[in-house]
Amino acid sequence: MRPNRLRELVTLKRPAINAWLSCNSGYIAEVLGQCGFDSVTVDLQHGQFGMDVVPSLLQAISSTDAMPLVRCAENSFGDINKILDSGAYGIICPMIDNRQDAERFVRACRYPPLGARSYGPARGLLYGGSDYFDAANDTLLTLAMIETIEGVKNIDDILDVAGLDGIYIGPNDLAISMGINPGGSWEAAELGVTICHIVERCQTRQKYVGIFCGDMAMASAMKERGLNMLTPGNDIQLIRSEAGSRLAKLRE
Amino acid sequence: MRPNRLRELVTLKRPAINAWLSCNSGYIAEVLGQCGFDSVTVDLQHGQFGMDVVPSLLQAISSTDAMPLVRCAENSFGDINKILDSGAYGIICPMIDNRQDAERFVRACRYPPLGARSYGPARGLLYGGSDYFDAANDTLLTLAMIETIEGVKNIDDILDVAGLDGIYIGPNDLAISMGINPGGSWEAAELGVTICHIVERCQTRQKYVGIFCGDMAMASAMKERGLNMLTPGNDIQLIRSEAGSRLAKLRE
Amino acid sequence: MRPNRLRELVTLKRPAINAWLSCNSGYIAEVLGQCGFDSVTVDLQHGQFGMDVVPSLLQAISSTDAMPLVRCAENSFGDINKILDSGAYGIICPMIDNRQDAERFVRACRYPPLGARSYGPARGLLYGGSDYFDAANDTLLTLAMIETIEGVKNIDDILDVAGLDGIYIGPNDLAISMGINPGGSWEAAELGVTICHIVERCQTRQKYVGIFCGDMAMASAMKERGLNMLTPGNDIQLIRSEAGSRLAKLRE
Amino acid sequence: MRPNRLRELVTLKRPAINAWLSCNSGYIAEVLGQCGFDSVTVDLQHGQFGMDVVPSLLQAISSTDAMPLVRCAENSFGDINKILDSGAYGIICPMIDNRQDAERFVRACRYPPLGARSYGPARGLLYGGSDYFDAANDTLLTLAMIETIEGVKNIDDILDVAGLDGIYIGPNDLAISMGINPGGSWEAAELGVTICHIVERCQTRQKYVGIFCGDMAMASAMKERGLNMLTPGNDIQLIRSEAGSRLAKLRE
Amino acid sequence: MRPNRLRELVTLKRPAINAWLSCNSGYIAEVLGQCGFDSVTVDLQHGQFGMDVVPSLLQAISSTDAMPLVRCAENSFGDINKILDSGAYGIICPMIDNRQDAERFVRACRYPPLGARSYGPARGLLYGGSDYFDAANDTLLTLAMIETIEGVKNIDDILDVAGLDGIYIGPNDLAISMGINPGGSWEAAELGVTICHIVERCQTRQKYVGIFCGDMAMASAMKERGLNMLTPGNDIQLIRSEAGSRLAKLRE
Amino acid sequence: MRPNRLRELVTLKRPAINAWLSCNSGYIAEVLGQCGFDSVTVDLQHGQFGMDVVPSLLQAISSTDAMPLVRCAENSFGDINKILDSGAYGIICPMIDNRQDAERFVRACRYPPLGARSYGPARGLLYGGSDYFDAANDTLLTLAMIETIEGVKNIDDILDVAGLDGIYIGPNDLAISMGINPGGSWEAAELGVTICHIVERCQTRQKYVGIFCGDMAMASAMKERGLNMLTPGNDIQLIRSEAGSRLAKLRE
């Protein structure tokens, strides 16, 4: 099976720089894959599209060296099965608050006996290779999002679940869950402490840990702390940031 | 945040006239928005499309003065989150039978602490404005469909749920639930009594109440009773009605 | 080959009542086909879609008894070939001003030696049947739009072209070409005279003649004159007309 | 209501030969419907598309004599309702392990009082006919997939559920559930015994039974055993098989 | 008719800052419209999409204050008619080399007697308003691209054509036409001189002049020279520029 | 620039086995690319789709080792430019009858000074590499279809055109042009002689020559004659052939 570069980067102790796709354009997906990102995550949760466009977005990413990942819209067995069959090499699942949530997530991602994923790998077979069934459970990456106080409390229970590779931190929802407005500084009081606690638990237990970074200062700080995956903003933030800067220069 | 015209109409004590979109055409969506309807509801339950086309249908409506609403396909946390992120200004949720259903619905629609909606407002931010997070809970309209006998029995429990604005009545499913064929006269025996009971409970408790009307006689009667929202048929009924009339004239 | 009902209606001396599709919804296309229209014309000229959706719109119409027609966007060999391969049973071609235009149109519609249509009937074969190649030239309907003064002047030259079945009149562009604003009464002075002249030339020469009717009075008048095809407005006019009437009743 | 040919074939004691669509092309769907298959199943579980394209795929099949079926992605009330409203004449539901699963499935497929399907038949009405509501419960086919050991154990409980027509066997997931790799011979040891047991239970109880066949030897064997529905591979297997054979000949 | 803000900016002697869309995402289109650009140009020439998506891209832009423009793929009567009917408020036409090209372009853009545009304004009517037919010829902007040596030679002939508003300069094709590789500095020797000559001819004759700018230095220089429209790169350049910068920081 | 494998196969004196895509499914496109074909040709002429889906079909092929080719719908400058910008590595152009046709075709395919292709390589740059502009003229394959008697007469004039790589033979249209029904044996009388003549002219002049083969006997014969490219049927023929064979076995 085609190896998962994100696992190789762990061995190399290098962070994966991950792009985040929230628009439905295969062209943008391919551009991000060509830019040098190690992976591109198709965001089905807050992205502006549904399941129909996922196969072609993953095909677009597959024509580049970047690993194709998907954040599913919710912890749904049927959706996650479909996404993996379309060739995703990893799933980021939102709103994992406790062990049961994590078990349900793994059940959808792994073939028996580890999970209950249904057989029919479709595009996964084309992208992964003919030994897909034998190697998929060891190759595909499964990341649970911790983004509530409840999730933080249950982090060790969550990390105990066999078949789960690690955690992807959602700072905005975590902030809201703590009564803090989203979009502020990640270091603010309790939020920073909590994020660092999650990272520490993952690293102590040698689990994968990634995070969405609202700005570059946060991304740099997270790199310093040795996280496995850094997402320096999404496609819309990239385009707005550069457009805003160019407009400002020409409107001076 | 852009104000919700449907709330203004409540203050003005004028009914909202609502269009109902069951085809996947953005052009039809925009035409309905331009016709003079106060809102256009994208019907994901019985409409002939899925989630992928929702953002472009809402964009089409957003280029008019009509408020963009969505009837979700079911009471799904993930779906409702996505729909709101695409810029819907209200959700009509089918098959709310009891307090738990209503609580689950509100949980998906409202940001914490009122609910558990995940942060990532995407197109909502473009349409609503930069203060979207602060004002969304007070702006977006949440209507639970009562369309079974069980829902009628539990109406007061349902109306008790904080964060729920009111009720949207589904007469056809309600009729079926009472053993009456759909598509008949709304005034028939028990059905009319039941509909009036629902309206009365909402009005007594100063909650929003709207209804889908199979014909214009029903729409006029509902207007008389002071409902907040009247839907005089869907797109298909409009086109079939006029086409049928023109065909009949030319075939005489 | 599946017979062309529009040709049967000529024999029966009954007018075809034709629907006009300008939105991209296959559901609306099927609804119009089910309503009782004899044909549904997919409008690629002023319709809000391009070539990609044409096959599925024609499939939608093909699941009904209505004949699938297309108005092409312009007199393009490649476009017309594609449209016929997708299973259209007739083409209405805009802006035919003279014999050369008409010859070019026929060249795209008919297999050699009558024309130069390229072989590859694709969906045409599925809908038409296995003898498609042998019978297509005699089955598919070719209608040239006369919608300029120049076209009117050259009508006899146009009708002389072998392989052309007749004329479809475009009253709005014809009016503009005569210096009259579109959307007015068809009977206005010169416009009505000109339309009647076109009809007379076709009927005298036993050619097919159809027309787009902006209102029902015009449709009825054209029926009286014995035209072969009447189009009583397009999808948008149907929906706007009924929506406007319902809104007016509820806003009284 | 348009009769369900699959029910007629049961009366005629002839097996339905069923095609399986896993790509999103309406053209392929129509080709399969024209080839001579008795039904075409749109596979929403492992197929490479989502809900948005379903209506147009069903329209494509509806323009042929083949019955339009859908395998849903999972046992979801909302999804199954939508699929039926789009005109499917039968649902194959994956992963039915016990009576509760089967009851939940039937609840989504049948109108009250047998189930809780919501009213709004949309395209179903166009394809089925104006008496759709009265006849749908008796016309539409409901097949539960048995594809785990647990399902096999509970087969009699499952078959007891009123409103369920029968079983569709998924040999690959069944094999995996028994610790056998998918894609091998169906006769292998326990797998063949188990499949025959399922068939026997259905036939004894006069329930419908169909199966997906990985190769033609299996399809022939299943035909011998008198199953009601045989699926001789999916679209991808058809195209790969013939392409592989042609490539081999030209590469010799 | 809704006024064309680009004409107002001419009166205000302020340059329009124009965004350039080459991906097929309505979400990106709306984001660009919200960013503060005065117009967004949908690029059908080198953009990665065809005609089907144009109406929804224009709807997306129409829900913002930015003016919706389109660069057509070529000087095609049918294509330009369709684009205007979809609500574009201006057309940029590539490869205008001489007076005949320019006349052909204007013929497609203007209603008679100025041109030969066919009547059927569809979405144009929704976006523009009910007096669209009367005001369209004076409102919609028509810009001919000069991007070859031949076009430069014939610039005065081109500017003479009634109904043409001005010129949009394509520096890359112009460079290639002069034997210079694209993507270099615009000031390079002859290229800069030629660009300035085009600008001077337009300004002397009080015609509109805009330009695509490969980098911000060029955009600033063009602003200094008083051009009416500046395009500071396309969507892909914006996203690549910011992505490249963020990747570089994190890879240091 | 990524090398064109079809040129390498010429050097290796091995024929390219080419797949032909006439459906709009990216999944089928990728499957064909994975099957072992050397190239996959997206057929815009008789295929059931338009320009909008082309970029995603080419992305699908690009994720495999097969070379992405396109048959354009007609000899259109704008269309061919767009197709190349979407990353096609070769164009097959229908209906080239004489030198002027061939020159027009080359003009659209080659950058100046060889042709007049407009600069904006978009996806071509992603798939081809950063030196695309410098190497494209030497890398991309240009094949003119000869499929009429007139084309055969002018074959030497056509082959004289600089920048044209060779010929792709269309036997069906050629047959029709000779008064022979399509779909018969290629060896029939004059048709076989004519095909062999075309092949001989190309080979004598060391030009590329390919052909569409209606059956495997023809494909084998053409292989024997040393053609550079063999297309053993299209996607629909592959699927119908295998489906027909399986249905026949099960219906025995």
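Every chain is named by a letter (A, B, C, D, E and F) in the order it is written, and numbering of its residues begins at 1.
Please note the rule applied: contacts are C-beta pairs under 8 Å (C-beta built on N, C-alpha and C of every residue); 3 or more make two chains touch, one makes a residue touch a chain.
Given the structure is predicted, the values throughout are model-derived calculations rather than measurements.
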### Query
By mean C-alpha coordinates, which chain is most distant from chain D?
E
### Message
Validating interface symmetry: for the copies chain C and chain D, is the fraction of residue numbers used by both over half? Same or different.
### Response
same
## Note on the structure
More Cb-Cb contact pairs, comparing A-E against B-E, go to A-E
### Task
Go ahead and align chain C to its copy chain F using Cα positions, then give the rotation in degrees, nearest 5.
120
### Message
Need the CA-centroid distance for the pair chain E / chain F, whole Å please.
### Response
34
### Query
Distance from the CA centroid of chain A to that of chain C, rounded to the nearest Å?
52
### Task
Express in whole angstrom the distance between the two chain centres, defined as the mean CA positions of chain A and chain F.
41
#### Entry: Multi-partner residues of chain C (each touching 2 or more other chains)
22, 24, 26-27, 31, 48, 50-52, 55, 76, 79, 122-123, 236
### Message
Chain contact topology under the given definition, line, ring, star, complete or other?
### Response
other
### Query
Which of the residues in chain A come into contact with chain D in the complex?
50-52, 54-55, 76-79, 81-82, 85-86, 111-113, 116, 118-123, 133-134
### Message
Applying the document's contact rule, which stretches of chain F touch chain A when the two form their complex?
### Response
26-27, 30-31, 34, 55-56, 59-60, 62-64, 122-123, 126-127
### Message
Taking the touch rule as given, give the residues of chain F at its contact with chain C in the complex, in rising order.
### Response
22, 24, 45-53, 73-74, 76, 79, 94-95, 147, 170, 172-173, 176-177, 179, 181-183, 236
#### Entry: In the complex, chain A residues that touch chain E
15, 17, 19, 22-28, 31-32, 35-37, 48, 216, 219-220, 223, 230, 232-233, 235-236, 238-244, 246-247, 249-251
